[in-house]
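Next come two complexes built around chain A: one with chain B, the other with chain C.
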Partner chain A sequence: MDIFLQSVVNGILAGCIYALFAMGLTLIYGVLNFVNFAHGELIMWGAYFLYLFISEPFSLPLSVAVAPAILCTVCLGMVMDFAIFRPLRKADRLTLLIAAMGLSFLLRNAAQFFWGAEVRTYGLEISRGFQFLGVSLTAQQILIIGVTVACVILVYLLFFRTSLGKSMRAVSDNLDLARVVGINARRSIRAAWIVSAALAGTGGILLALDTNLNPEMGVINLVKAFAATLIGGVGNLWGALLGGLIIGLAENLSVLVISPGYKDAVAFAIMVGILLTRPYLVTGKRTD
Partner chain B sequence: MSKFKALFAIVLLVLFVASPVRAAQDTIKIGAAFALSGSIAVYGEGFKKCVDLAVDEINAKGGIKGKKIQIVYEDNKSTPKDCVMAVRKLITVDKVPVLFGPAGSSNFMAAAPVAQQSKVVMMSAQGTAEKLTQAGPYIFRIIPSNAKQGQRLAKLAFDMGYKKVPVMYVNNDWGLDLKDGFVDSFRKMGGVVTDVIPFDEKKTDYRTELLRANKGKPAAIVNLTYINEGSIQFKQAYEMSIKTQWLCGSAARAPKMVELAGKAAEGVIGTYPSIPQDTKQYKAFKEAYKKKYGDDKIPIFGDYNYDMVYLAVKAIEKGGYTAEGIRKALPAVAKGYKGVTGDKTFDAKRGMLNADMGLWTVKDGKIVDYKK
Partner chain C sequence: MNVPQGENGPVLLLEVEEVFAGYGKIEVLHGTSIRVREGEIVCIIGPNGSGKSTLLKTIVGLLKPTRGSVRLSGKEVGRLDPQEKVRLGMAYIPQGRNVFPSLTVLENLQMGGVSLGDAGAVRRAVEEVLEEYPVLKGRVRAQAGNLSGGEKQILALARAVMTRPRLILLDEPSIGLAPRIIEEIYNRLQEINRRGVSLAIVEQNARKALAVAHRGYVLDLGVTRLEDTGAHLLDNEEVRMLYLGEKGNGPEQEPQDPGSRR
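And now, the complex of A and B:
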């Protein structure tokens, strides 16, 4: 029983990370209608920005360094949009997809240029997890769950309780129509980038706190986040959250019965199943 | 206008044709398809340091018959596909007759047939898979194979009194090979392998795999893992309060692993192809490394890479700067050669004839030899 419960907890943890990534991914998809393959690099840069601020010459304490790190990630997200995606606003989906992929390589190699390919850590002292009901959880893991919940609540408030959120949803529904009724589309798009990058930076920092930093950390988890996005319905924020949790739980619970060598296969089998039964998600037609 | 075109053509000719030809006469080029980016770049950077150290030493003493040695590095991006491309580029563009192949048995074996078909000598300083050199007579390795290490690990587990153990292994050629070597020997001794758990490389979350390995709270778990994967696993096991004796292979034996895993790596025991560290060769190497790089944390397999450079250079000196000459000269120059990593005599399969296996452990944050 402990093993089952612990696997559920492990699944939720993995799911929280996937969900944070998937929410950012789906947000950009919803507003701009393309898959931002460079999202994984925002995640990775978020983690490395924190590393930058806690090491020389800044040497900030970890908790203080989080704010400038996320701020830098947001700036990077806005620069990405300004330099690459805004000039391509009218381009077709394929062009945007390839531009995003190219950007992903550029940013990954840039990180490697500055910090090298070696694996790094924030150097936190590791500790035994708290035990209850035979399940162990560390402070970092509780932080992951807590921050994910907080992010979901904040994003909910932004989307459904502010006029900016309303206009973002309108742009997401129909860009042209939103413009016709006088919604400032440019402002909505900028807001989407800020939220998406902030989610990516937060997720990246949490992931690095829990494990290590390396230039590939974003890209590895992005594929799962992408699967989560598809499961939840592209452009759907709640779907992304749910999709992340489903993937996290499915792959962790599957290990109890089948060989862990097939852990990834489970996640992608679910994704393929969704694609086969709900193919409109990738053809670009809206679900609603 | 035509004069201008002619001039342009000459400039082009000089730029693209003349200069590489001249460069080739001045230096002796050796290729190196190393992982300088991608998942195992953490190893590649260390190899490069040790190769550069050996090359600097040889060049300082006048190179090969007055010609300087130049290593042509080609990034293999840690993937089998790019390893093939890197090796192909070194062979066709740089036209090297001998090259140092990619690390990681899977990567090396993907590229080995390319070298064999082009009749170019390819050497490995870290590929321990049983079948590593099977592509043909141009493929050499200067490190002992996994079967020998698997046997040693089984003996270690048995001697320590662990008769029932689960085995975790990284799901690639290296892990599979070592796992097979271990499981075979362990069963023959009368041991029981309770569970076999493959895991993927490059993941950030191994909690559930660890949980499964810890089912029934085994006194020891055999974990055939890498630096990054190992550090995450030991950390996550520590956090989940999994208390067991970890038994590992050689690939986790790296200061970097201990640095990343911190106190969670404390007490891990493993096997590795041992290198007698009290020889004058080893001491000289360590001294030279410290002098050049300022620390004495020798990168994992760095010593083998250092020996590989010397063997290749000796083979070029004896057999001439052709692939055929180097291939024929290698076994002769290696016979009885005492390098930093011990005796380098080749066996019939172009692997190492002699293989001493050592034991390592992590004590007070340092990797030291394990003694009972």
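And now, the complex of A and C:
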């Protein structure tokens, strides 16, 4: 029973992080109608930006370094859009896909150039877990849940209570209609990149706190975020949240029956399964 | 049917002159011209694929004309973005998907008012519009995607009047709707027009639109083929044959039941 409960808790923890990734990915998917395959690199760079600010010459305390790290991730997201995706706004999906993959490759290599391919950590002492109902939770893990809940509340307030957020949802529904009713589409798209990158950076930092950093961390998590996005439906923020939790739980519960070495394959299998049954999710929005 | 008169006849609101436009390399409009005067209802008819929707998209700024000019109250607006045209008093209701399906009815109306600026102005406009369109009142929390076709069209209309436009462009407002709903939509449109708003209506099903229009244009293969008053066009043998689905055995023929047409 304990191991089952522990798996559920681990699943929720992983799911929280996947949900942050997936919400950012689905937001861009909805607003710009393409899958940003470089989203994983925002996750990875978010984690490395924090590493940068806690190391020489900055040597900031971790809690302080979070702010500039997320700010830098947001800037990276905006530069991505400005330099690559904006000039390609009218391009077809294949061009966008290839551009995003090229960008992803470039950013991964850049991280490897600066920090090497080896696995790094923020150098925190390994904290002993709190025991609770036979389940162990570290302080970092409690932080993961707390930060995720806070992000979800902020996302809700932004998208359902502010005019800017509603405009972003409108652009996601129908860009041309949004433009003709007078919505500033450029501003909405810029805001979507900011939110998407901020969620990616936050998730990346939480993931690195709980595990470690390496230049490949973005790619594998992109697969999970993408699978979660597919579960939730294109552009559906709550669907992505739920999808993230489902992927996290499925992975961690699978460990009970199959070897942990295959854990990552679970998200992959879910993704392939959905794509086989609903290929239009990638080839284009259904026009109904 | 009283159109305001300026010193030299009716005041021109919209002038589309010799406009060329299309999608990338595909040119659809090859020098199309239409005019809409203040307070006027103008109907644009024509066969499938003749460029009616393209013309409206070009007027509203979703497409940019490669040549020719679009003037609003004498001011050249051909290069402006749709967002700027909304501020100049233009509203547009596209053919088909014309509401934001994942937004609520209330949010759809609020989006219609984004160009009003401050939140207070938007709130007041929403209240006014809901008074004018009481059918929407009970449904403000409903997702627009779950509305019926008629309700969607009413919502689109209500959203368009949020900014109190001077000109509304409508692309097939009656498409796919039951006769009773079409009647209601057209009553609404005439009511809006009586308050001085000009309307440019594109219709496939032209009889209804020509009956309420002051003037009409026939568009074919991207050029303006005919221009006349709505009543004259309704009487025109060629128009009746080609666009109203009649067999052309004289003007005395009774209008057919729309259901029996191809």
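One rule holds in what follows: the second predicted complex is superposed on the first by the 263 of 288 C-alpha atoms of A that agree within 3 Å, B and C clash if a C-alpha of one lies under 4 Å from a C-alpha of the other, contacts with A are read in each partner's own complex, and residues count from 1 in each chain.
Assume contacts are C-beta pairs under 8 Å (C-beta built on N, C-alpha and C of every residue); 3 or more make two chains touch, one makes a residue touch a chain.
Note that this is a predicted model, so its numbers are computed, not measured.
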item: Which of chain B and chain C A:131 touches, first, second, both or neither; value: first
item: First (chain B), second (chain C), both or neither touched by A:66; value: neither
item: Touched partner set for A:121, first chain B, second chain C, both or neither; value: first
item: Which superposed partner A:267 touches (first chain B, second chain C, both, neither); value: neither
item: Partner, of chain C and chain B, that touches more residues belonging to chain A; value: B
item: Touching partner for A:183 - first (chain B), second (chain C), both, neither; value: second
item: Touching partner for A:255 - first (chain B), second (chain C), both, neither; value: first
item: Partner chain in contact with A:170 - chain B first, chain C second, else both or neither; value: second
item: Complex contacts: residues of chain A adjacent to chain B; value: 3, 6-7, 10-11, 13-14, 109, 112, 116-119, 121, 125-129, 131, 136, 138, 141, 207, 210-212, 214, 216-217, 220-221, 251-253, 255-256, 259-261, 263-264
item: Chain A-touching residues of chain B, taken from the complex the two chains share; value: 36-39, 41-42, 44-45, 171, 196-200, 202-205, 207-209, 211-212, 215, 227-228, 231-232, 235, 238-241, 256, 259-264
item: Residues of chain A that touch chain C when the two form their complex; value: 163, 166-167, 169-170, 172-174, 176-185, 235
item: Footprint of chain A on chain C - complex, ascending; value: 60-62, 81-83, 86-87, 92, 94, 97-103, 107, 110-112, 114-115, 119, 122, 159, 163
